[in-house]
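Here subunit A shows up in two complexes: once beside subunit B, once beside subunit C.
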Partner chain A sequence: MSQTNEMSNDIKGFDPKILGFFCHWCCYAAADSAGVARYQYPPNIRTIRVMCTGRLDFRFVLEAFRCGVDGVFTGG
Partner chain B sequence: MEAGRSPNIEILTNATLHSVEGKPGAFNALVHQEPRYIDEDKCTACGMCKMYCPRPVADFYNESLAVIHAPRIDYPQAIPSAYYIDPKACLRVNYETCNLCAQTCTAGAIDFSQKPKDVELNVGAVILAPGFGKIDNQVLSRFGYGRFPDVVTSYEIERLTCASGPSEGHVIRLSDGRAPKKIAFLQCVGSRDETCGNGYCSSVCCMYAFKEAAIIKEHEPEVDITFFFMDVRTQGKGFDEARKRAESKYSFRVVRARVPRVEQVDGKLGLVWVDEEGTSRNELFDMVVLSVGLEAPEDAHIISAAAGCELNHYEFAKTSVQNPLTTTRPGIFTAGAFQGPKDVPESVTQASGVAALASELLADARGTRTVTLTYPEEDRTLLEEEPRIGVFVCHCGVNIAGVVDVKAVRDYAATLPNVVLYDDVLYSCSQDALKGIAQKIKNNRLNRVVIAACSPRTHEPLFQDTLKSVGVNPALFEMANVRDQCAWVHAHEPEAATQKSKDLVRMAVAKARLLTPLESQTVGVNPRALVIGGGGAGMTAALSVAEQGYECLIVEKNDVLGGNLARLKWTADGQDAPRILKEMIDRVRKHPKIKVLLGAKLESVSGYVGNFVSTVKVKEKVQTIEHGVILVATGAKEYRPKSYLYGENDRVMTQLELEERLAKGKTSLKNISNVVMIQCVGSRGDDMQHCSRLCCTQAVRNALKVKELKPDANVFVLYRDMRTYGFHEDLYSAARRKGINFIRYDLENRPEVLKNKASGLTVRFFDKLLGDTLDLDADLAVLSVGVEPTDNTGLSKLLKAPLTQDGFFLEAHAKLRPVEVAVDGIYLCGLAHGPKSLDETVAQAKAAAAKAVIPLAKGRVSVTPLVSHVDQGVCIGCGLCESLCPYKAIELVKVDKRKKAQTITASCKGCGICASHCPTLAISMGGFTDEAIFAQIHAFAQQEQEVR
Partner chain C sequence: MAETCRQVLKDCGVSPERLSLKWASASEGPRYVQMVTEYVRHIKTLGSLGSAEGEAGQDALTRLDAAGAASAVSKIRTAYGNMAKKFHEANNPDAYTPEAMETAVREKVMPGFREERLGQEVLMRLGAEGIAGSLLCGLLGAKEDEFEKVMTGLVKKGKVKAEGEIFKPA
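Up next, the complex of A and B:
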């Protein structure tokens, strides 16, 4: 029980740094639309625009984790 | 914006048309121009003049809800982006006193010596697009406007909800400045109202009311909003779906009633109306919004006299279903709301349509007076220096600055490596701001530019053009999206949004340091069009392309031309549809530039805009066709219901089947005394979700025809909302005058069609007024079955052109690019795009033809430089990239007896699959190199304090 509490406290204080690789044609466009529609979401993500998620080299993902990011988000 | 930047568009403001002499192709137009008193070439839009002007005036752009001064610019994005002086208010103009503004203007732009002048223009065609006028305040005063301060118009709400408007986006009551808790929207004010002379429906108010209400709810979530509708007319593509979403998301209440009476009751507004059950009701509201209709422009008579063309009985331009964009005078065309009330997508479509008409008329003169924009040569010495980065942070009015601390982001940018210039801009996309940015790039010898503003998807080309204008390669540019993906989505977290903006700017700068110039290539265009579909839309489009001077091939799957048009007997304006069809087919058949393939099916499409190669199968024989563009006009079909005894009883028929029967004359109604029509069969949440748009008018027109052939016949129309939008409302009024009965039903209480013993039919429905179920004997039950898309999935895959949820083709942008598909070089018109009437189809087909001719006429298209490049020294010729490429854009070639990969630049879409999989890292992507992306990752990981 106490362990669960500790965990949830951890999660509460957890402010992850997330890196996003967004496809120019779909996910990036969707993220723009989310703005136009004024959807609100947590400000934890920073985005790198690519012309297609096909551009996503596994080295990019590894490098991101090596540099200390908490999560990588890709949408395409 | 684009119009302001085009060297081939000259804008004369404060101008009125006086007369048009001559003939099509050679008109002499006399234009009278009033002075602006400010030289638009010298004005920098700094606003100093308005600060010193002592004369306050009501800001008519903001519906007189704000006070400004005599020198004014209507809104920040106005073109030309220069001030002008309101001559009615200016002391200098009226009394020869003051002159303060002229003394403070450092640009020396203010010039009171300007006089009115007459300009003579030699033109080939004239297009009338004066828009719409406003409903008279006297009409509005019936609903309390002008008498009670909290009765406002939809125009005023539009300004009040605008972030850069008079109340900075807050909806307030004009009486006490407080936020209203309960708002009523009254529809059909000044529309569908013969007592004010406007018997027509304004077409746009239902949808704009929902939009305005949704924006109010976004600003003030606690507000209760009620709409008073006669009919909910959201017949546009995707509108019903958007409306339903808004209704449930914001808990809107919809009351069906005639426009209520409005009274002031203490500090509130009392509304009195009669509901559908016939009960009188009343309720108090804090604010009432009048959804004001669209009227003919105030000076419609002057315009029509000057242009020598006629007006219709509502004083809009007179046109016909067959030629919806042509006025009564040849060579003079019209588009937009002057042609009839309409929304933005349709106005934009019509605007392209008239461009096609003008282009057809002036085809012989093409290119004779065109001005080509030239850019200064690129300054190569710039790149010999270290990166010199300029960062501009945009306020976007309050869109960004209302959340993000723009100045803090700007100052933060100053701390980043290689940034030599940093600035903040109110609206970076406004013409004066772009000029300023260009000047700063030049003066500071910037060789990289970062703009933190909106989305590169919409604004990158604009800013890149600014770079080009001062000799900087457009690839040396990067954007940080701090509006759409930051300020707007973190509206309640200003600190976090500011931090995110800083991070995004840091990442953009990191990438910018590594950007290299890219060369843009152009490829030739095969000047032929392929039109898929030979119905009304396809033939109209083909004729327009051909008249504009380019070859056209129509591929029709059936053995005859005509499509759905062949089943129509008469148009909404009473013209003979078979005659229109015959004329169209004759013209197509005789046109030397049009070829037709009947019984033909498109089998494959490859290539790209300008150079498509397609195969078409005609009776087992496959032909290969080379062409530059594709027009999709594949139509749709009449929906076939499985309900209402359709197909089981020959007294049950569709509207088109009835039309065919009625065309045979009086005998077709022998022994028929009761006709019952049922609307929305298949549409609007039945089998299909969309509204089929044309069936209401079709039903009313057929009902009138029944009455014309047999005046003593009884006609009943069971409907959900009568959507006889625009001038079609006249038919609806006529039908009611002729005694045709209209009875509303709900989706939950659908009518039933039953067989009765007397070999006739019984239609059972629920009557709300009586509160009871009624049975009607019907000799004919006519189903308004709506428009069903054909199975477009195969073609959609062939063309890589996406479909909507309803199965119609999806346009690239509903408002900005309504006839283009997301894939370059593919255009869209007719029922394949969505249900629409014949006049709308004709206008849209013309629009698609106008767009399709652009690459054909230019003769060259530029290929994006964001393509892959293979370093053949590093390539081992493994062929992995070739096998992965989804666009067949990489081939293996022999170089010195070794296999090497090579990009086919024109086919490459820049996706980068090749680059991310190359085992030897031999492939680099233009604008998205490994180095640049790694730099962004590293910049992301850096904390703010770590910089420097």
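Up next, the complex of A and C:
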């Protein structure tokens, strides 16, 4: 994993891998409306939709970092 | 949840700023765009996980691994659940201040979590031929009394055996 990290850092303009946990009713809908309105934003977030942000557990976040993401973005 | 995560990340030597918790309602598309743009920019300045933590990067990754394993242990889950239950039973919405949560997590969850994480890390770092106690303690970055406690626990559980100064997997 450290190797991939080093490699991604070597590439000019480091491209972070970010995991997003989005609430179905709030942030996910906001992301959807942003998409429909054709706003431009960075494509670094990979989304996981949850039915409520309250569903999240610290295990999820730790597991994400364990898998090597550079950040976790939680949107309620 | 977020507070526990932040304190665990900090304990592992990873910047807690890597976790962000933000709110946007369904109609706030532009706000969402702004939040994401800012957050991605922030992570870019922090750098990638592991290498951004400098020389301690590889250690941080091992610690995260150990923390992940520790977070599944029922003792830790119970401590976390009990802490949350206390807040709930107080039945006072004003009790959920950042300071109160910080203290509760630090006092009720983190000591057990750290001990469990160190234990998991020991098991990960023990090679087949074993490792000397003083070296292992240095690798863990643990205080001596803390290390002693973790090791006696592991020996008692039969997960590790001590041969003089050398600890070996059982």
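As a convention for this text, the second predicted complex is superposed on the first by the 64 of 76 C-alpha atoms of A that agree within 3 Å, B and C clash if a C-alpha of one lies under 4 Å from a C-alpha of the other, contacts with A are read in each partner's own complex, and residues count from 1 in each chain.
Convention: contacts are C-beta pairs under 8 Å (C-beta built on N, C-alpha and C of every residue); 3 or more make two chains touch, one makes a residue touch a chain.
All of these numbers come straight from a predicted model, not from anything done at the bench.
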{"item": "Touching partner for A:Asp57 - first (subunit B), second (subunit C), both, neither", "value": "both"}
{"item": "Touching partner for A:Ile48 - first (subunit B), second (subunit C), both, neither", "value": "first"}
{"item": "Partner chain(s) touched by A:Gly71 [first = subunit B, second = subunit C, both, neither]", "value": "second"}
{"item": "Which of subunit B and subunit C A:Pro16 touches, first, second, both or neither", "value": "second"}
{"item": "Touching partner for A:Ala30 - first (subunit B), second (subunit C), both, neither", "value": "second"}
{"item": "Touching partner for A:Arg38 - first (subunit B), second (subunit C), both, neither", "value": "first"}
{"item": "Subunit B and subunit C footprints on subunit A, overlapping residues", "value": "25, 29, 31, 34, 36, 39-41, 56-59, 63, 68-69"}
{"item": "Of all residues in subunit A, those that touch subunit B in their complex", "value": "17, 19, 24-25, 28-29, 31-32, 34-36, 38-41, 43, 46-52, 54-60, 63-64, 67-69"}
{"item": "Sites on subunit A touched by subunit C in the complex", "value": "1-2, 5-6, 8-9, 14, 16, 18, 25-27, 29-31, 33-34, 36-37, 39-42, 44-45, 56-59, 61-63, 65-66, 68-76"}
{"item": "In the complex, subunit B residues that touch subunit A", "value": "218, 455-458, 481, 483-486, 488-493, 496-497, 499-500, 503-504, 507, 822, 866, 886, 909-913, 915-916, 925, 927-928, 930, 933-934, 936-938, 940-941"}
{"item": "Complex contacts: residues of subunit C adjacent to subunit A", "value": "1-2, 4-5, 8-9, 14, 18-33, 35-37, 39-40, 43-44, 46-51, 57-58, 61, 64-65, 67-68, 71-72, 80"}
